[in-house]
Amino acid sequence: MAHAQTNRALMAGYKAYVAAFFIFLAAPLIAAGSFAFNDSLFPALPWQGFTLDWFFNDTEPKLGMFHDRRLLSGLYYSFVIAAMVAALSVAVGTTNAFLFVRREFPFKTFFYIVMIVPLVIPGVILGISILVLASNVANAVYDRFGVEISLLRPGIFLVVLGQFSFITTITSLVITARLKKFDLSLEEAAFNLGASRARVLWTITLPYLRPAMIASAIVAFLVSFENFNTTLFLVGSESPLTITMYDRMAKVGSTPVLNAVSFVLMVGSGLLALVSVAVQRPDPSGQ
Amino acid sequence: MTTDDAFDLECLGICKDFGAFRAVDDVSFRIPSGTFFSILGPSGCGKTTLMRMIAGFETPTQGDILLKGRSVLSVPPNRRNVKMVFQHLALFPMMDVYENIAYGLRCAGAGKDEIAGRVADVLTRVALPDLARRQIHQLSGGQKQRIAIARCMALNPDVLLLDEPLGALDLKLREAMKIELKLLQHQFDTTFVYITHDQSEALVMSDYVAVMNAGRFEQVGRPEELYHAPKTAFVAGFVGDSNRWSGRALEVRADGIKVETEAGLTVVATAFGDGAISAGDAVEVFVRPEFIAATRPGPDAAAPGGNTHSGTVDSVLFNGANSRVLVRSPNGTMIEADVVVTGGGNDLHEGDPVRLDWPFAQTMCFAAGGA
Amino acid sequence: MTRDAKRLSLILLFAPFALWILLLIVLPHIGMVALSLREKVAPRIYEFGFGNYIDFLNEPIYWNTLLRTASMSLLVTALALLIGFPIAYYIAKIAGRRARGALFLMCLIPLWVSDLIRAFGWILLLRQTGVISSLLVWSGMTDEGIEFLYNDAAVIVGLVYTVILFMIVPLVSTLDGMGDDMIEAGYNLGGGHLTVLRRIIIPYAMPGIVAGCIVTFMLTAGSYLTPILLGGKNSSWFTEQIYNQFITRFNWESGAAFGFLLLAFTSITVWLGLRLSGQSLANTVART
């Protein structure tokens, strides 16, 4: 009995630890989100009462986020960048999945490892190395031909490339994992029933990959949206939201409008995350 | 079966090499229209490769395949009128039953009304008329089986290939599906080519069975021919149960061949197969348990033309109507014999002395190592 | 498909992969290394040389920062493993089926939120006018607000918080694949808690542990926001040096050299980790 009791005590301690961990996880997010509703000029205690001014008020000093030009434009650029990165990286991730699951070629294992490497390169280094190369190319072209390629100067295009360079690893891994589970006899069956190759791809294989493609697009979108390290070096005048917020925090100091933005972002990412979980839910037929 | 086009499917001298390995070796056969034809063999014997060549997923290294008298080697798999039921059925999980069946019709460019008509018709024929809008994962194992067949039959194929489709089902359902498949084949009156490693599936359902081993056809025939008149030792061993002994021919007599087995049992056997046997040859002897009568030792003499041996019951293997005794002969050979276990006082028990009788004619003898 | 068609489609599939790796990974890194080997001898005149690396060695602030970044990153990785393993084990093996999914999702929630917001949350909690300090004053435990921010402990807490999810996720997925029967067999054969943990669970989870450690370490060493926001002016994080060289001083050559040093240093650490644990990149990070 004593043994069972110590076991029970151990288990209770273990559970308390797990609970404490989740409080640790939630605390900063709750802090960041809840001060958005505090009717005060500073995101700090004491609680001054509930307000939605930090979202909707249109006058200083409590300018709400939906009336703050710079924040809104940051949000817009973040959307544009994230959408482009998601589309590109899912497209390349899909071709990579077919390449590594369906094809045999020399040095395949080596190339597979090469595919993973961008994920473990620090984002700062991806940012500066792409910046250096793009600037070198742009300078060389300018010196020789007198043509300025503005695409290769810091700006949205470089930000997209920089984020794409490591996010593609994530999408490739997710889509590859799904394609590996594909039962090839489904394609053969479709073939046997008279479908052409293109039709098999369009009606059987791609629908099968769709959940993984949607989920990885969402992940790509979110990772792009929240990326800071790589973006920092490649950003031009069109700052995405994380950069705008960082500038605001560093230069102006924090006001609850940043909490409002945080709240909106958390709700938005939470919803997207739920969607991605829902589409990836294993279909009962899978078993 | 008089004209050429009476054969739905003909294979002429088919060979298939994978590198240095010959998976299918000079296989030829023709299948008359409307028959249920099985290819029976152990796993790895090349039967799946053969089927994939017929479906067009593999190209033969040598030989020709004819459908309704016409060579189809140059026809890609999606244009051959051979449909296939896959081992795990390969029903499309992202589509419902209706869309699965309509898939091939859509590929063929059929109109909306025609598709609806054909799907309804074929669903009625497999006796599942109400399932059109079910999702695949909502179907039972047997229903999936029938939908997989319906999906193929909607296209009126010349030949339907079935690749061990019962393998994934549990025993009870498998027994029921055997009969059902046979009935479906009658219902559609289409040639079925059925691949299996399970001899009972092949024997129960088929009009003709080809026994395949190591890339070759050992024998093609009606199920009862394979069972009672096997042409090779492999067929005798693979189809049905038997007692199998290796030995040496001592003497070739008018009424049979006298054989001494390795364990020292002497039996008189009848030569089967093509290889001629002379005294001194190594041979394989097969006796099916149901031809061995196990009785309590009595005074009556051995019947003429029969082997008689005595032994002790080592164990009784009770299995209802298929019960057996395992008898140990004085030289240690184990012999299986079918018995009727009634539960009465006459049943044999472990340790009982027993007498075994079986006719020379049912003692199948093959030249060892040959053919 | 004919041979030619097969070859063509292979090339078509290989092209996006090759373009991505070549243009965005290989060439930029070559460019960075090449740039780091240029010395400025006069305005707009450069020479090949190791000057940027020699500068790095001659300036203790630089290599001290790198060493500090390295040791703090290792510490954060170890802490993340120690704190995360019991959580991952609970999620994978102890929680009921329903709770498991929910807990795993809860673990992922911070993953979906930007670094910046997470650091911002910690600032709101830890600074002198922050929540914790205010609560302490309100409860009468101290008279004046306490500054918890701008010290190494704050940086470590923030970093562990930021990266621990990347430790937990691979751990859960490997532990999930381990049959309960294996653990039960371990106990059944007479093993105690510690023996089972040491001889069965940890060896089985090794690929997940290594994967988690690699990602955690790389993310920590390469992080920028968390150390700067939580550590303040004297956080001395190496990425900050890179940023200073590039953006503030506009000395790209030396920035590129620093970048290469960080990459080489982290790569060597990861390589050592893989060698010591007998794992490979393919069976750890690439497992999904």
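Think of it as A, B and C in the order they're written, each chain with its own count starting at 1.
Criterion: contacts are C-beta pairs under 8 Å (C-beta built on N, C-alpha and C of every residue); 3 or more make two chains touch, one makes a residue touch a chain.
This structure is a prediction, so every number in the text was calculated from the model and none was measured.
Trainee: When you take the mean of every protein CA atom shown, which chain's own CA mean is nearest to it?
Mentor: A
Trainee: Compute the centre of every chain as the mean of its C-alpha atoms, then state which one is farthest from the centre of chain C.
Mentor: When every chain centre is compared against chain C, the largest gap points to B.
Trainee: Roughly how far is chain A from chain C, centre to centre by C-alpha average, rounded to an integer in Å?
Mentor: 16
Trainee: Report the inter-centroid distance (CA atoms only) between chain B and chain C in whole Å.
Mentor: A distance of 60 Å separates the two centres.
Trainee: Whole-Å distance, chain A centre to chain B centre, using C-alpha means?
Mentor: Inter-chain centre distance comes to 57 Å.
Trainee: Taking the complex as given, what residues does chain A use to touch chain C?
Mentor: 14, 17-18, 21-22, 24-25, 27-32, 35, 42-46, 91-92, 95-96, 98-99, 103, 105, 109, 111-126, 128-133, 136, 161-162, 164-165, 168, 173-174, 176-177, 197, 222, 225-226, 228-229, 232-233, 242, 245-246, 249, 254, 258-259, 262, 265-266, 269-270, 272-273, 277
Trainee: Given the complex with chain A, which residues does chain B contribute to the contact?
Mentor: 55-57, 77-79, 82-84, 86-88, 90-94, 103-104, 107-108, 135-137, 151-152, 155
Trainee: Mind listing the chain A positions that touch chain B in their complex?
Mentor: On the chain A side, the touching residues are 183, 185-186, 188-196, 199, 203-204, 207-208, 283-286.
Trainee: Considering the complex alone, what residue numbers of chain C touch chain A?
Mentor: The touching residues are 1, 10, 13-14, 16-17, 20-21, 24-25, 27-29, 31-32, 35, 83, 86-87, 90, 94, 103, 105-110, 112-118, 120-125, 129-131, 134-135, 138, 161, 214-215, 218-219, 221-225, 229, 239, 242-243, 246-247, 252, 255-256, 259, 262-263, 266, 270, 281-282, 285-286, 288.
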